[in-house]
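Both of the next two complexes hold chain A, though its partner changes from chain B to chain C.
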Partner chain A sequence: MSEASVIHDIGYQRYDGPRLGRRAVFGAMYIHGLRAAYGLGRSAKSKIFPWLVVGICLLVGVILAAVKAQTGLEALNYFTYADSMSWLIIFFAAIVAPELVSRDMRSGVLPLYFSRPLRASDYIGAKVASMVTAVWLLLAVPQLIMFLGAAFTTKNGISDVWKELGDLLPGWAYSLLWALVFTGIGLLVASLTGKRAFAAGGIVAVFLMTTPAVGVLSIMPSQDAQELAGLASPSTLVSGVGQWIYPTANTGMMIGRFGPVYLIEAITLVAACMLLLLARYRRVAAL
Partner chain B sequence: MSTVAWITARGLFGRRRVLLLLPLPILLIVLAVICDAAGVDAREWGAPVIVGLGLAVLLPVVALIVGTGVLGSEVDDGTIVHILTKPLPRRDIILAKLGVAVVASAVTAAVPLFVAGVLADSVRFGLALAVAAALGAVAYSALFLLLSLLTRRPVLLGLVYILVWEGLLGRFVSGTRVLSIEQYVITVGDRLSPATDILDPKVGLPVALVMAAIFAVGGTLFAVNRLRSFSMAGETS
Partner chain C sequence: MSLIETQGLTKTYGGRVTALHDLTVTVEPGIVGLVGANGAGKSTFIKIMLGLIAPTAGTVRVFGLDPTVETDKVRAKVGYMPEHDALPPDVSAAEFVTHLGRISGLPRTAARERASEALRHVGLYEERYRQIGGYSTGMKQRVKLAQALVHDPDLLLLDEPTNGLDPAGRDAMLALVHRIGSEFGISVVTCSHLLGEVEQICDSLVAIEGGKLLRADRISAMTAASDVLAVEVSEGTEELAAALTELDLPVRADGRMLLVPLDHDDTYDQILRAVADLDLPLHRLDQRRHRVAELFAPREAADV
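What follows is the complex of A and B.
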């Protein structure tokens, strides 16, 4: 300890490149969320569940396209396809939503996120956008396969293709509605707990508990109660909106004259979920 | 052994998590009371409420929460080490935890089902449902306890079993019914109270009893075997 201590210059430099702002953070989180939803860039274990759901959805889509191409029989149209996948969508939401938000809470990285030029609304926005995209792709890609199958085996040339396209686009919009509703509920439930298992259970529980309520309401003696029954569960709510906007969808929902009520509730539900999510993260951001 | 059971019960009921068990039974009773009060025929509301909500959702979900909670939560926070290092046979640990899980889920599921059964038909039907639910709780608990030892994500895998295997495939593919605990419960409940035509059994009684026993005993033995060579894994992906 005799010689005087020396500070060596070992070449540390300040970062003087371009500083990316909120938009870049948003974009990075969106891409990361979308990849995380499908387990891309993660271990093989975390790919099992999402790709199981994707596989089943694709398989059903391919089968439907093949059946229609071979026999001309339309077992399910673009709307009823989304409906019949409803349990898989719920399951997918229960996988993806905890992956997107519960993980961040569990591993305590939220303070790190919010020490960047990132606001609570950006965080929510990126998470919502990536999950909506993930769920929408889950439905839209098989719908596209069904469309291609129908378009390449058409009997009357290009006019049939246009007609088919006219069916596909509302079907895509319908899938977007599914994605919005399920993303809102899924992310809201998942943001309440840091444990992924509980978050997944909670999301599924929301649907498990509301579905029987619809079943019970639809056998009530009053016809109004029967036609309003679909409001009780998110999945029948979405079907009801689809049925009202696009009456040839054949979703099998009896909505009577209450179509606007379904639409209003769907919009309110999505908006309420987003606002609650914002409120939830305002507090975390302040911590 | 009783100490392990006591610790497990305290870990299960001593936290806020126990409140998760409440909404489903309350919903079942509320729906049954509403239907009964509205004067709907029991044959109409019996199927959606008792089978659709009670046996297909309430019983498996409660058993899933409890069954994966008794051991899984200790594996998660690492306190399982304290039990494993005690000079206790692994068999006793599993049996104690399974016992607590069975009692907790059987009570949580049987009480609302009994109330709904009484409202729908008779006390006899209510008792039949309660007994069948208790039997189902044994099989489900053994299965989900085993799952919590086999995988790091037992709740998700259990949900796949409940939703996809029992819910989706059980409805369309008749072969999967032989491996569906829900169907055993329906069969047993129907056999105990044959006069009511709310339950619609799809498998025979011997098949139901034997398969339920295989699930319960096999699950327990496999779980004991797994716990014998259990290694604490770190946090994965």
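What follows is the complex of A and C.
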């Protein structure tokens, strides 16, 4: 037997390399969550739904860009694009939120996290950041495609590109608002149960139940009631905020003079969801 | 420096349920068995050491550090293996342990290397790219152990590491824990409600009951000077017992065996002579260590 073929048991090696702080741990948790949202590093099965939604969103984006480039017709702007994707966003939130939090709860992996230098706030903060990014990318990438389509087929040179960019950036901000609201509600609902199907159902239910409320309120005789109707559902709430801040968005929301009310509710809603999540995980982490 | 030091450690939940009551104990490095019945306060003790919950009163020091204040420093030195299922089914062991290595603060490449190493040490090298969902209970326990080792802690806290294992898996796990404690230079605190397995591998033992310290000592101290001879004869056990009692030997019956404390060098000869005089078929005569369980005999009986 040659010398090289001998297997040496090198025994246990101690680690004396660097140990990174909580910021790096947060980063690792964030990247892990972002990858998990799109099913990366997971089985092929868990890639189906996220990429189906991504595919549809991209396809719509490409079609809109192509139509505008060919005919100059703007079927949907950056805002109405996000609005018309709302059901897909809800669907996406119902897939991603349970994947991010219910799964950890179900598999009992939380004690492994919380026995490490990771706090409840780091954990849920990273999850929120991952999901906000995931939802935002879902809208922002097609918006970018729409922008590129417009920018490369512009008729008046660079000034049109600047104008188009001036539309894209508020559109991106609007997508971020979508992402924040849907992440907040999605994660909060998903954090209540370890069963993924229940969590997904719960998230869809929140949106499904609130949409008829908007419908009922918007046919009330009082104009105030009609203009406040959008507050009843997260999707119309976001549209209302967009409409108020960017009146040329043409979201079709009738908000009248209640714009600030929409914004305040949106901020309150997101903040409340985050605080409730934090409170929930403070308790879970101590177990 | 002591591994773990507590001073009047008390934990009450909601002011009513007392999980730990005035626990004062000093544990030296090595393999330590933490024994007690279910609900004796073992898990609470572990959670306090990890800084997951704060004690109601008293102090605790792990490596001289207070876990409630210097939580990160303590956790960097401690690996924890929980009692219950703690593994996601849809990722590979390599990926999962790597991820937890990163959460422990290891850089990306170091985490991957250490994860492979940890999985190799627990005997899962070949299977490490398979999804955890397809693992047997024994393999899952090994993954849980590997994730506790991945960041190279100085202390492992194992909560019921043999839970749910068959006898062979149990022995393999105990051998592994023993190897980690004796060869890797890592101290181990292993929780169990089974004294038998703890005494096989531990250097010292901390027994708690109802949140109070029952006894803490080195196993050798507990079993020293308490060796016994086990005598088994095929027939005439009672006659032999009577004969030995006459010789002033304190005989105790244990099933079909007679247990005689080994006090003098000639105890052997006395027993052999008694057996020969009665002309009984001697089945066995061997020295056996006094089992730690017998130190807690009344309590054990109450638990079962």
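Keep in mind that, in the parts below, the second predicted complex is superposed on the first by the 274 of 287 C-alpha atoms of A that agree within 3 Å, B and C clash if a C-alpha of one lies under 4 Å from a C-alpha of the other, contacts with A are read in each partner's own complex, and residues count from 1 in each chain.
Convention: contacts are C-beta pairs under 8 Å (C-beta built on N, C-alpha and C of every residue); 3 or more make two chains touch, one makes a residue touch a chain.
In this text, all values refer to a predicted model and were calculated from it rather than measured experimentally.
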Touching partner for A:Arg196 - first (chain B), second (chain C), both, neither: first
Touched partner set for A:Ser46, first chain B, second chain C, both or neither: both
First (chain B), second (chain C), both or neither touched by A:Leu118: second
Which of chain B and chain C A:Ala94 touches, first, second, both or neither: first
Chain B versus chain C as contact partner of A:Arg103, first or second or both or neither: second
Partner contacting more residues of chain A (chain B vs chain C): C
Partner chain(s) touched by A:Ala205 [first = chain B, second = chain C, both, neither]: first
Which of chain B and chain C A:Pro221 touches, first, second, both or neither: first
Chain A positions touched by chain B in one structure and by chain C in the second: 42-43, 46
Residues on chain A engaged by chain C in the complex (per definition of touch): 11-15, 17-22, 24-25, 28-29, 32, 41-43, 46, 103-104, 107-109, 111-118, 285-287
Of all residues in chain B, those that touch chain A in their complex: 17, 20, 23-24, 27, 31, 34-35, 38-40, 44-45, 48-49, 52-53, 57, 61, 64-65, 68, 72, 76, 153-156, 159-160, 163-164, 167-168, 236-237
Of all residues in chain A, those that touch chain B in their complex: 42-43, 45-46, 49, 87, 90-91, 94-95, 195-198, 200-201, 204-205, 208-209, 211-213, 215-216, 219-221
Residues of chain C touching chain A in the complex: 50, 52-53, 71-72, 75-76, 78, 80, 82, 84-91, 95, 99-100, 102-107, 110, 114, 117, 121, 131, 147, 151-152, 180, 183-185
